[in-house]
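Several structures are given next for inspection.
In the two complexes that follow, chain A is the common piece, with chain B as its partner first and chain C second.
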Partner chain A sequence: MAESTAFRLRRAGNRARSALRDPTRMLAFLLVLTLSYLVLAPLASMLAGTFRVGVRDSAVSGLATGSFTLRFYQRVFALPISKVLFWRPLGRTLYVALMVSLAAIPAGAAAAYLIKKTDLPGKRWFSKLMMLPYIMPSWTFATVWITLFKNRRMGGTAGLFESLGLSPPDWLAYGALPIIACEALHVFPFAYTLFSNSLGSMDAQLEESARVVGARRGTVARRIVAPLLLPALMSSFLLIFTRVLGSFGTPYILGSPVKYSLLPTALYSAFKSGSPGVSSVIALAMILIGVSLIAVDGFFLREAKRFVTIGVKGSISRVSALGRGKAPALAFMSALVGVSVLAPLATLVLSSLTRRPGDFGPESLTAAYWIGGSIPAMPGLSGVLRSPEVWRAAWNSLRTSAAAALIAGFAGIFVGYVATRSPRSLSTRYLKQLSFVPYLVPSIAFAAAFIGLFAVRRGPIPSLYGTMGLVVLVMSVKYLPYSARAGIASMMQLGNDPEDAARICGAPWRRRMSRIVLPLQKAGLVSGVVLPFITGMKEQSLVIMLASPGTELLTTQVLRYMDYGYSQLANAVVLEIVLIIVALDLGVRKLSGADSPAALGKG
Partner chain B sequence: MARIELIGVEKTYPGSRLKAVEGLDLVIPEGSFVSLLGPSGCGKTTTLRMIAGLESPSAGVIRVGERVLFDAARGVDVPTEERGMGLVFQSYALWPHMTVADNVSFGLEMRKVPRPERKRRLERVFELLRLGGFEGRYPMQLSGGQQQRVALARMLVLDPEVLLLDEPLSNLDAKLRLEMRAELKRIHAELKNTIVFVTHDQLEGMTLSTEIAVMNRAVLQQFDKPMEVYRRPRNLFVAEFVGSPPINRIAVGEASCAEACGRLLELFPGLEGRARTIGVRPESISLSPRRGCGRAFRGRARVEAVLPTGSEWILSLELCGTPFFAISTEEFAGAPGDEIEVEIEAARLLLFDAEGERIEA
Partner chain C sequence: MARSALFVLILLTAFSPLLAQAKPGYMEEELNLDALVKAAKAEGELVVYWTSSRITVAAKNFEAKYGIKVKGTKMADPEQAERVIREVDSGKVQVDAIGFEDGPFLEAKLLPDGYVTSWFPKDLASKIAKDDQYPLVYQWQPRVFAYNAEAYPKGNPITNLWQLTEPKWKGKVIVRDPALTPANLAFFATIVGQPEAMAAAYKELYGKALAVKERNAGWEFLRRLFENGLLTMNSDGDIGDAVGAAGQKDPPVGMITMTKMRDNVDKNLKLATCQGLKPFMGYALPTYALLVKNAPHPNAAKLFLRYVCTPEGIAPWTVDNMGGYSSNVEAFVNPANEGSWQVWLPKLLRLDNKGAMKLRQDILDFWLLYGKAN
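Up next, the complex of A and B:
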C-alpha cells in the first residue's frame, strides 16, 4: 500500500515531461489557458464589478472607491427607478418576443407546410427567397420601416407617408408595433427552417399507417403530424426569445424616438449614462435569462428525443395536391416574400435615389446619395461611394470581420483537433463547454463584459478601449461557438487515421499539421471562417458600445446616419452591406456547394 | 371473400416515362401467403401500395373479394382509409409520440370500437404477439424486434382480411429475422388471413410463402409455388434470382466453356440449336457419383477452393476449363488441387433459349 511519495513524485514528473513533449497536449493546455481568460475573465470581472464602488459612483455616493456595495443591484431591481431601468424593459422584451413568436411561427410553419408537403408551384424559388430576410442584417427592416413611416416627431428626411401628406401616428411609426413587425419579418425564416426540417425528416409512412387503419386526412394532421411538430414549435419559441433578447438595432431605431426600450437598449442607455455598475447588473440579468432559455431548450430537446422518428430507409416525402387551394396558397407565399424581401429591398433602393420620398420627378430623383461630392441638405457629407467615412467604416468592417473570422476559425479547428485526438480527456470536455459559453451570453452583454475587463491596463495587456483590436477580440470570442462546432464536426469526420498514417511515415508534428491536418480541413475552415465573417459584416449589437469615431463599422455608421435622420445615406449603406453579404453567401455556396452559411449565423 | 385480383394493372409515376408496373395480371387466392419477390425497383412495393390504395394505378382493375377497390375505366378509387386492410412498413412507422397501447388501439378508435371491446382486443393481440408488459412504453424504448411486433399488432388488432407487409423483416438482425419468420408463419396459420409480403430476399420468399410472384423491371416473371419456382423457373432471371449460392450459368458458344457445353448438350439431342444458356444448380453437381443410373454427365473436376460453412461445404471447381460452384451437405475431405469425380443428372439441368425462356426438355 505504501506507494512512496518519491515514487509518486517521479511518476508525476514523468507525466509532466511527456506532456510537454506531446504537442497535442501542449496545444490543449494553451487553448484551455487562453480561452479561459478570454471567455471567463470578462464575465468574472463584470460580476466582480457589480459589487464594487466605481470611481464615478464614489463621487456621487461618498463611498470609498473599490469598497463592497450592493447598490447597483438595489438600483436595478429594488428602487423606484428600477421600473425604468429594468422591469419595464424586461416586461416589454418578453411582450415583444411573445408577439413576434405569435406572428412569425404561424407564418413560418405555414410556409414550411406549403413547400414541403404540397405541390405549390415555384417552391424552389420561394424557399430560396425566404432565406434572404434572414441573411440580411436583422435591423434592415427597422431602417426600412423608418423610411416609410417616420413622422414629424423626428427630424431629417421625411418618411414616405409623411411626405405624401398622410402623417402616420406615433404608434404606427415607433414603439411596440413596428418593433414586433420588423423582428417578426426577420425571424420567420427561422421558424420556417425548423418546421421544414421537422416536416422533411418526418417519415411519410407515419401518415400512411394512420390512413391504412382508417384515419381521414384531418385526423392524421391533428393526431399524428401536429404532435410530432411540437419540438419544432418549442425550439422556434425559444430561439425567437433568444434573438429578441440579443438584438439591439431594431429596438434602438424604432424604440428610441418614443423611449420604448427593451433590455438591450436599456443596457445601452445605462452604459452611455456612465454607470458601468448598473449596466453590468442588467447584463448579468440578460445572461441569466439567456442561459435559462438555452436550458429550457435543452430540456425540451431531450424530451423530444423520445419522439425522434426511428431511422428510416426509403422514407420518401410525398406531396399532396393543393387543388382549389392553389391560388390562395400562392397568394399567401407571394405576400410573404413580397413583404419580407421585395418591398424592403425596393424601399431601400428607391429611398437612396430620391430626395423627397415617393417623388420620382426629375427634381427629386438623384444619384447624389451614392456618388455626390456634396449633398445640399446634409452639410459636409458626400455620397456613400465618395465618402471617406463610409470607406473607412467599410475597411474597418472588412478587416475586423476577416481577422475575427480567421482567429475564430483556426481556434475552432484546434479545438476540434484536440477533441478528436483525446475525445474523453478532461481538457476536451472543458474546451467543448467553454467554447459554447459565448453563445449563452447576449451580444450586448458580452460586449459590456469585455469593456469592463479591457478598458484599463491589466498586467501586460494595455487598455484596449477605443481600438480595433478590442472589436476583433470580442468578435472572435463571440463567434467561437460556431467555429468550434464546425471544427469539431469536421475533425471528427476526418478522424485520426490520416494523421496517424503520416506519423507512421515518420512525419513530425509540425509537418503533420501543415501537410496533412490543416489541408484536409480546408472545407471545415470555409464554414468555420466564412460564417463568422458574414456575421461580423452585419454585426451591430456586439460592436455598438465599442464603436467610436475612427473605429466605426458599416453597421454602426448606419446608426449614426439614422440618428441624424439621413435616411437616404443610411439606406445606401444598408444596401452596401446586404450586397456584400449576399455576394459572399452566393460565392461560398458556389464554391462549397453547402447550404447558405449566413443563414446559420446571428444577425 | 378476400381473394385479391389485379387485372391489367399499370403504374407510371408522373414525370417518369418508364412504367413502374406493367400489365400486371395476378390472382392472389384467399388465405394464401404470397411473396412479391424481386430486386429493388422491380415494382413490387408499388404493387403493394396500389393494393393498399396509397398509390393510384394508371390503368387496370383491383378487386378484393367481390368489392371493386379500383377501376381506372369506371373511375373507382376507394381511399386507403376505407379499404380496411393492414399494412406493415419496413420502417415500422410507429407513431413515436404514442405509447405502445395507443399505437395499437388507434385503429380501433378510428373504427369507433367501444372501449371495453377495444381493451379485449388489445389484450388478445398482445398475447398473440407476446407484447404483454410493454403497453406503457414508447417506441423509442423498444428493441427492433419489439417495434416490429408492435407494428404487426397495430394491424392485426383490426383483424384485416388482407395483410400487406412491405419488407418488414429487413431491419432485423439475422437471428431475430428467423424468429419473426417463424412467428409470421404461426400467425398466418392461426388467423388465416390473406398475406401479401414484399421482399427482395429470395430465402424469405421461399421459406414463408404459399406462392411466390417474381417480378423484374415492372413485369411479373412467374407466379408459382416456391418449389416450382425453384425447380422449374420460367426464365433465366427467375433461375438466377432464386437460389443461394446462385445457379451456375454457362453461356453456350463461349470459347472458354466450349468443352463443358459440348459434353452437357450431348445429353439433349435435338436441342443443341435452341439452347443458349445452361443452368446448373450447385447442389445438382454430385460429388459422389453413383455411376450408371440414367442419363448424366460424368467427368473430372479440379478443386480450386473449399468453403465450409459449418453445415455445408461449398466448392469452387473447374470442370473442363469452366468454373463452377458446387455444394455438398456431406463433409468434403479433399483439398485444393485435388481432382475429383463429379456427376450431373440430365434431369436436373436447366436449358434456356436466346430470349432467356426455359426450354422444356
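Up next, the complex of A and C:
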C-alpha cells in the first residue's frame, strides 16, 4: 500500500519533471496561463464592476466608493430611465442592422450574380473596385455624409448642401437613414464576396439538368439556386448584425447630433457622462447578444453541412449573355461603384481643399489644411502634413498596430504549434476555445473590460492606464481569433514530420523552432500578422475609450477634429488612413499573391 | 504642563476631522518665490489639462518667462475627472495641474477624497477674494444667452427665460450638452433650487400664476424647455457660430461664454448678449485651478498655478481676448467686456455646488427622458 503510494508519487514527480523538460508542454502551459489572464480576467473584472460603486458613481449616488450595488442593473433594465439607456438603443440597433441587411444583401448578391454569371463588360475592374469600400475604415462614409449633409444643428464648418443654400432636414442629415446608408455602403462588398463564392462553386450542370428535365426558370431558381445560396444569405445577415453591434464611429458621427444612440454609442455616452457601472452592464448585454448571434450562425452552418452537393464530372461554371440587359446592368454596377467608392473619395479630397464647401473660387480654394503652418479660424492648428499631433498620431498608429500584429501573429503560431503537437489534449481544446472568445465580445465592450482591469496595478503587472502598452495589449488580444485561426491552419498543413526529423537528428527545441518551424511558417505568419496590422490601422471602436492626449491614434484624431467641427482636417486625415491601408493592401497582395487581406478584417 | 499639552493634542486629534472638513484638500503656502522658481526649473516639463484651448497660449508665455515647458491639453471636465481619478488610483500620475469647471464634483469628491489639492500661494491673499481662494478660482466668465443682432436690429428678442418655452423658440435654443458639460447640469440644478424666482418670472411675463405639474416651478421650467426641442452642441464656439452667423433669417439663441464675443471680429459673427433677460442672463462660470495629488512636477505646477492667478498669467483670457475675468483684483479688465465683474454678478446665477451634486443624477435623467429625440 505504502509502496504503491510512493510509486505513484514518484511517477507523478517524473511526469512533472518530464513536462518541465518538454518545451511543448511548457509552451502550452504558459499559453493557457497568459491567455486565460488576458481574455478571461478583463471580463471577470468587468462583471465585478457592474456591482461595484465607482468614484464618479459614488458622487452622484451618495453610496460609498467600492460598495456593492444593484443600482446599475436597475438603471439599465428596470427604472424608467432604462428606456433611454438601453431599450431604445437596443431596438434601434436591431432596426438598423435589419435595414442594413435589406439594403446591402440584395445589392451584394446582384453584383455577385452579374460578375460571376453574366458576360458583364469590365467585370475584373468592378470586382476589384468593389472591395474598396470594405477595405476603407467603416466610418469613412459617415465623415463623407457629414461633409455633404451637415446642417446648422451642428457647429463648425457647414456641410456642402447647407453652404449652397439648401438646408438638409435633420432626418436626412443625422440619425437612422444616414447610419443605415453608410453601414450598407460599407458592408455590401461582404455580401458580394459570400455570394460570389457560393455562385462560383455552384455547378452549372445542376441548373442545366433541371432545365433538361423540363423545370421552368422560376422553378430552377426556387428549388435549385435559392437553397444553395441560403448559407451565404444567413452568413451575410448574421455578420451584418455583428458588425452593426460592434461599430462605433458611424453611429457616433451621425447619431449623436440628434441623440440617436445605438448600443455602442449608448455604452460610450454612459462611460463619458461618468457612469462606468452602467456602461459595464450595457457591455455585458452586448456580449450576450454577440454570443447568441454566433451561436445562431453556428447552428445554420451545421444545418447547411448536412446537405452535400455531389457532382459526377468536374463542375462547370457557365456565364449567360446579358443581351439587352447589358446597359442597365452596366449602369447599376457603375452606380454602385460610383456611390461607394468614387463619390466618397472625391468628396474627401475636395473638402480638404476648400474653406467653404462647394466653393472653388480663389478665396476658398486652399492647401492650408494639408500644408498650412496656421489656419484661419482654427487657432493653434496647422495643416495635417505639418501638424505634430497628426504625425505623432500616425507614428502611434503604426507602432501599436505593428506591435499588436506581431504579438497576435506569434501567439497564433504558438497556439497552432501546440494544437498540432498534441491535437487532442485538454490544453489544445481549451486554447482553441479561448482564442475565439475575443471575437464574441464587441470591440467597445472589450475595451471597457480592459480599462477596468489594467487601470490599476495588479500584482506584478503595473498600471497601464494612459499608455500605448494598453492599446497594444487590447489590440493583440482582440485580433487573436484571426491569427490563431491562421496559425492553426498553417501548422496543421505543415504537420509534425519536419520537426520530428530534426529531433531525430538531435536538434534541441529552440533550434527546431528557429530553424525549422518558424521559417516554414513564414507564409502563415505573414497572413496572421498582416491582417491584424491593417485592422489596427483603421481601428476605432476598440481604441476610442483608451486614447488620450499623447496616445492619440490617427483614427481617434479624426474624431477629435470632428468633435471640434474641423471637418477639413478630419477629412484630410481620413484620406491619409485610406491611402496607407490601400497601399499596404496592394503591397501585400503583390508580395503574397493572396486575396485582399484587409477585406477580411474588421474596421 | 505636559498633561495639558497632551489634552490639547487629544482634543485637536478628536476634532481634526471637523477642522479638515471645513476645507478638505486645502493647502496654503508662505512662498519664497525664488526658491520655488529654482525648484520648478529643476523638475522639467509640466503637464496640465485645461478646459480652455487658450491654455496653449498661457503655456507659451509661461515658458518664455520661466524657461519651463508646459504641455497644455484642452480637455472637457468629465474626461479630466476620469483621467485624474484613474491616474491617481493607478499610482502613475502624468498630469500636474488642471483647469477644471465642474465645481460640484470637485467639492463632493476630488477635494475630500484627496485626488486634487486646492493650493493657495499666500502672497496673493490680498489680491484674491476670500471666496475665490478655496477652491481656488483663477477665472470667472459669464456664460449667458446671446442672440443675433443682425436678425434682431431692435435689440434683445428674449427678456424672460419663460419665452424660451414658447412655440416661437421651438428648436431654436442651443446649450452645451448637459450630459457632457457638468456646469450646465449645475445651472439646471440651481434653477430647480430657486422655484420662487422662476414662478415670479412667469407671473411677470404672463400676468398669471404658473400651473405647476412637476415637483416645483424650476422643474416645470426645465421640462417645458427640454420638450421645446432644446438643442445641444459640443462647444461654446459651435453655439456662437450657429447663433451669430451673418445672413440668417430666423436664427436661434444660445448660451455662450463671453469669450466667444471675440468671434464677432474673427469670424464676422453678429453676436450680442441678451442684456435685460429675467430672472438672470445666465450663470457665473468659475474655472478652478488645482494641483493633482502626487503630481510628478509639484513645484513647477505650483509656479504655474500661481502664474495664472497673476495679471500677467491671465492675459491670454483677458487682454488679447475679451470675456474673461481674473479673480485677481489687480488684473486687466477688457473694456469690451460690458462692464466689470461687479456689474455682471447681479445679472447671473451663482451655481450652488453642494445642491447641484445632490440633484445631478435626477437632472441628467430628466434631460435624457425629456430632451428632444430621446
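The rule is short, and it goes like this: the second predicted complex is superposed on the first by the 582 of 603 C-alpha atoms of A that agree within 3 Å, B and C clash if a C-alpha of one lies under 4 Å from a C-alpha of the other, contacts with A are read in each partner's own complex, and residues count from 1 in each chain.
Criterion: a residue touches a chain if its C-beta (ideal position, glycine included) is under 8 Å from a C-beta of that chain, and two chains touch if they have at least 3 such contacts.
The model shown is predicted, which means the values in this text are computed figures rather than measured ones.
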Exercise for the section: After lining both complexes up on chain A, report clash or fit for chain B versus chain C. Expected result: fit
Exercise for the section: Considering only touches as defined above, state whether A:219 meets chain B (first), chain C (second), both or neither. Expected result: first
Exercise for the section: May I ask for the angle at the C-alpha centre of chain A between those of chain B and chain C, rounded to a multiple of 10 degrees? Expected result: 170
Practice task
Tell me which partner A:152 touches in the superposition: chain B (first), chain C (second), both or neither.
Solution key: second
Practice task
Once the structures are superposed on A, label A:563 by its partner contacts, choosing first (chain B), second (chain C), both or neither.
Solution key: second
Exercise for the section: Look at A:55 in the shared chain and tell me whether it touches chain B only, chain C only, both, or neither; answer first, second, both or neither. Expected result: second
Exercise for the section: Please indicate which partner A:208 is in contact with in the superposed arrangement: first for chain B, second for chain C, both, or neither. Expected result: first
Exercise for the section: With the two complexes superposed on chain A, say which partner A:227 touches: chain B (first), chain C (second), both, or neither. Expected result: first
Exercise for the section: With the two complexes superposed on chain A, say which partner A:169 touches: chain B (first), chain C (second), both, or neither. Expected result: neither
Practice task
State the minimum pairwise Cα distance, in Å, between chain B and chain C in the overlaid complexes.
Solution key: 47
Exercise for the section: Would you please give the residues of chain A that touch chain B in one complex and also touch chain C in the other complex? Expected result: none
Practice task
Under the touch definition given earlier, write down the residues of chain A that touch chain C in their complex.
Solution key: 55-56, 58-62, 65, 80-81, 83-85, 88, 152-156, 175, 258-260, 269, 272-274, 377, 379-380, 451, 455-457, 462-463, 465-466, 548-550, 563-565
Practice task
Would you tell me which residues of chain B are touching chain A in their complex?
Solution key: 52, 54, 79-87, 89-97, 106-107, 110-111, 138-141, 147, 154-155, 158, 171
Problem - List of chain C residues in touch with chain A within their complex - result: 49, 53, 56-57, 73, 75, 78-79, 81-83, 85-87, 89-92, 94, 104-105, 108-109, 113, 179-180, 231, 233-235, 237-239, 241-242, 266-267, 357-358, 360-361, 364-365, 368-369, 371-374
Exercise for the section: Would you pull the chain A residues touching chain B in the complex into a rising list? Expected result: 203, 205-206, 208-216, 219, 223-224, 227-228, 230, 305-315
